[in-house]
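Heads up: the structure comes next, in structure tokens.
In this document, chain identifiers A, B, C, D and E correspond to the written order of the chains, with residue numbering beginning at 1 in each.
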């Protein structure tokens, strides 16, 4: 396995050792009777960025939302198979989804700050989790890590909705960081942002992998190539009965996926022949 | 100028002669006080496919909707500058926007069939335009041209909402064709579709340029490269006051834009360095 | 109760010192029943309120029957009635152990009215009234000509009190010979004002209600004289009092319950009612009692208060 | 720096288990469910209040007589129990109201949803809400003392009685205009903009787009609005009691005074029928009929709305 | 075929006489709205004009009098109405809002009992108010033995407006975007924390608006009180929840039943007061709506 660094020289890292945070085996996800995703196997490495790409509707979001059990909230949604989180079954009986979500944070496609002050947005997570400590410090630390502190430190009591889109998205990342999670899931976090804001978020992701494991869904191949260590390529296949199911086609180091994919479909997608 | 064919060997065409359908000069578009697009100059050639690409929010849809005065419907929207349609000012006083839209059809991002039968969807345009003639024939002709007739001929009275996404989009194209327009505008017509449906629509576009002039907005560079004759690359620039305006960066033959762009920003975008 | 705190004993109720003072009473006297009698009792209530502002006297107008219904369920203290209590109503009261006294408080001359412009019906016989109002008339007696060939063929538009009212019971009993027996195709209303508007707005209109309402609207309506066999008699205070206006003159009653009359505020109200009855009647524009009736009223109240 | 959170993430069994019990969540859910059950209790209460006297009523009066005769007079002597005059009056007043309210309400809805600027809508929707809030005694008073005299003056040949179905129905219609307008406007606003754009892009005018695309697409919502308005009209009490009257005679001519079901209940219910008497039970029998009719109509309307929601989801 | 018609002259894009029909249609639509509003205006003018002589302080300072209609007031009615409104607010609003939260945030729509509750609520919204009067009379006044008191009236009216409160509160709660809920849950908040700290604060303006409109329906109701047989001449103010009482609409109904013209004038004046209370409540609702309307 070639030792490739696809993230540029500023963060020199190798990805030889795969210290798994999530181990997914034969995961299928159903919405009611509809099997949206079928038989996924993959592992998410500790303090890596894993990207999930593929055409629309192939089940990227669906799989991502299994990682923090956000799918529990959709009536009729059901995961079959196994997801181990540090060797513990995420869907085990004793597992409390609320505790899961505290450990595994999430950032959404469209920035969704609460209609409160910037401060209260950040403080919300620690408060509902009963985290004690100096809240001002927690807020400052989270905002600093999210590379937003300098821009907002003078208007910390202002309504978060007054921030720009890119700032709002970094606020949402800061909000996720404030509860000191282990993993951060991001579902197309830049698709509502302009290029400048996108660049900032991408830089931030690079920064954050020092401390966090990140899983990102993106429809932007360039973005996946730029930021991720590993890439999972999904696509939708039509079965005998004419029903479409999302499948994991290829999962590998990002450099490999983009330079030398094993699967013909991956290659077609990467080179823009479809999608 | 090299004689490049980027659409594959099945439709061999040269694009040397530019017989203009639209001539846009110094077009700016305002939403209220906000100047969303500033100073666009371009020409749309007869029976060509012109693609408009660029990052989100750069004003592609805004410009496209000027071509059939759909922007009239947005309160506060205002176009400044000139758009000539076959030498006639599209925004002239005597011009009836309803007549304009009859000549210049439009297909939207999300397929939007009326909740009526397939037949009534197609017949709607001719009826509201008072087009006489054998309606059954008109419907069949439009569906045939849109490569949908064979798939739906047995269920022509069924509700159009029961069709698949790709079929719905072809229905919308058929609906636009049925009023015998001159130009068809398409705003990201495939972004809600799966790859297979997308391929069908792209093939259809190629077919249609025998009779129609097509302008297409797409966020998918591969698609622009595959289907279009000319490409306009837009981006959003921030002015001195920190306000973003959409600008036309480069407008040229598609082959040129994708192989040898003049502008650095175009190159960055094409090569995935941003966006 | 504040029994734990000795200090609260003396000051538990602000009403206590008032009762000791004797003059100022409090409490509530609940009255319901006849809408005919209501103006009288309401006038009493208003005047009494000037003397005893702490006593509340709400007066409802559910009709004589509705009033007895509540009265015999123990929900009211006094019931207004424009007819005597019926046997089944008595039975209902007995079942609940409620005893009462019937007090005559005024006399009414049930008045048959037609619009001013009616120049043919000056006097009607009771037979003619029956012909108009009996159940058999329904759908048949449609014009005045059907009543009497001498009358014009003007469409007959009938207005009267609703079936809830004592007035209806009384009129149907006296004219049609059976209580509640009436043609149904007339416009019924508990609201005497509707009868006024209805009759005055239709040339062939005819209606009946209490004399008071007629007097109020004498400018719009004409009272018909009644001939019960001994000549035409116009409704009037004197005719009613002197027993000449038959069969439509009638006594109006209030029915206090024996138990309620023991309560000081109810007793005070009844006393007030009796002592000022003619002033009240005048104020409410009713036909007052004659001396004999007034004396009987006072005696009845005295015996009611002293009853077992 | 990472030591801080790594400490909380040992991959040990049970680390994801509930850290503290959350009885509060169950309690909250129980309280909320109880609140929701109040509405069910209300229905049960209504059914109980109506059922027993109604059953007793039909033990005395046959269903055949109730629905098979046009002679109504339960408080007369002898009593008559043919309910048709009440039903006819109710239907007639409801019809008049619908004839007034549906065209006006629908047109107002199209105007507000398709034509009016945002500003105009912001002004007129609240004004319609005011109209919806006007107490029905006020409409009744207005009908009795203003509209009927006005109609009598303008159209003497109508031969209106002092109370009549026409004026009452007219004002019931005005009362339900806001219901039709506001709910129809809601369902028109819910029609995806894509459909309008699709129509405009084909060269359709605003009128054609409104009439041929928006209204049909919102059709089941509009029907639901109309059905709700009808049930409000059918059950309206004060307007008909004040301006429509209580005469319970079988008549079709709207210039006549007539008694609706609700008016009868108000008249008899505030009157003297003694508990347990057949006359008293009649109130409940008519009440049950009215309840069943409005309940059935609204059930239909709820189904409509549900169906309509499915179309675009 | 399209190509044949390609070069076009200027006149071809000109309008083809469509505007006239379009204009007529537009005018017809506006006229419909205008007619509806004209009724409202006429009604207002009529009662103000008629009640004008009596729109003075005697109206709210005096108690009603049948002896002296020219100086009679409506104080007991105003206070009775205020009591009913206050109690209804206390009973119906919390119940309705809690029920709405249950239905929007907790209820699993696939469960039959939740669907039943929903259907039931929308049906209750259409049940005539006179039927609620029967409920009040049969169950609350007689069976629960609450008698003919403020309490009976308030409970009856609360049940009457409950469906309206629930429906409008659900509307407001539904308007809070799901992304806010997801954001909160993704931070490890429990469902109740999410509701209490995010959903409710964001939907309070909408809930308040809906509640005020529901209460303004409550103040106009007369039919249920008619069934409850509230006394028509009440010359004292209610002193508590177990007191006899009357309400403005019922007082108006009793005034218009009187033969003297003075009562008709008095009724008009009382209507003006009732409509003024109504307008005040609606204005508060509009103010709330405009002031706190959320743009996400």
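Here is the rule we use: a contact is a pair of C-beta atoms (placed from the backbone, for glycine too) under 8 Å apart; a residue touches a chain by one contact, two chains touch by 3 or more.
These figures come from a predicted structure and were not determined experimentally.
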Target subunit E, source subunit A, minimum contact steps: 1
Partner chains that subunit B and subunit D have in common: A, E
Distance-maximising chain from subunit B - centres being C-alpha averages: C
Busiest interface, counted in C-beta pairs: D-E
Distance from subunit B to subunit A - Cα centre to Cα centre, in angstrom: 34
Euclidean distance of C-alpha centroids - subunit B vs subunit E, Å: 49
Chain centre separation (subunit D, subunit E; CA means) in Å: 14
Where subunit C and subunit D are represented by their mean Cα positions, the distance between them in whole Å: 39
Of all residues in subunit B, the ones touching two or more other chains: 98-99, 103
Subunit C, residues touching no fewer than two other chains: 62, 66, 190, 194
Residues of subunit E touching at least two other chains: 18, 190, 229, 256
Those chain pairs that satisfy the touch definition: A-B, A-D, A-E, B-D, B-E, C-D, C-E, D-E
Touching residues (chain side subunit E, partner subunit C) in the complex: 65-67, 147-148, 229-236, 244, 246, 254, 256-260
List of subunit D residues in touch with subunit B within their complex: 117-118, 192, 194-205, 208, 212-213, 216-217, 311
Residues of subunit D that touch subunit A when the two form their complex: 1-2, 4-5, 8-19
Residue ranges of subunit B in contact with subunit A within the complex: 55-57, 191-192, 194-196, 198-199, 220-222, 225-226, 235-236, 238, 244, 272-275
Touching residues on subunit B, where the partner in the complex is subunit D: 68, 70, 73, 75, 98-99, 101-103, 105-106, 108, 110, 112-116, 124-125, 128-129, 161, 172, 175-176, 179
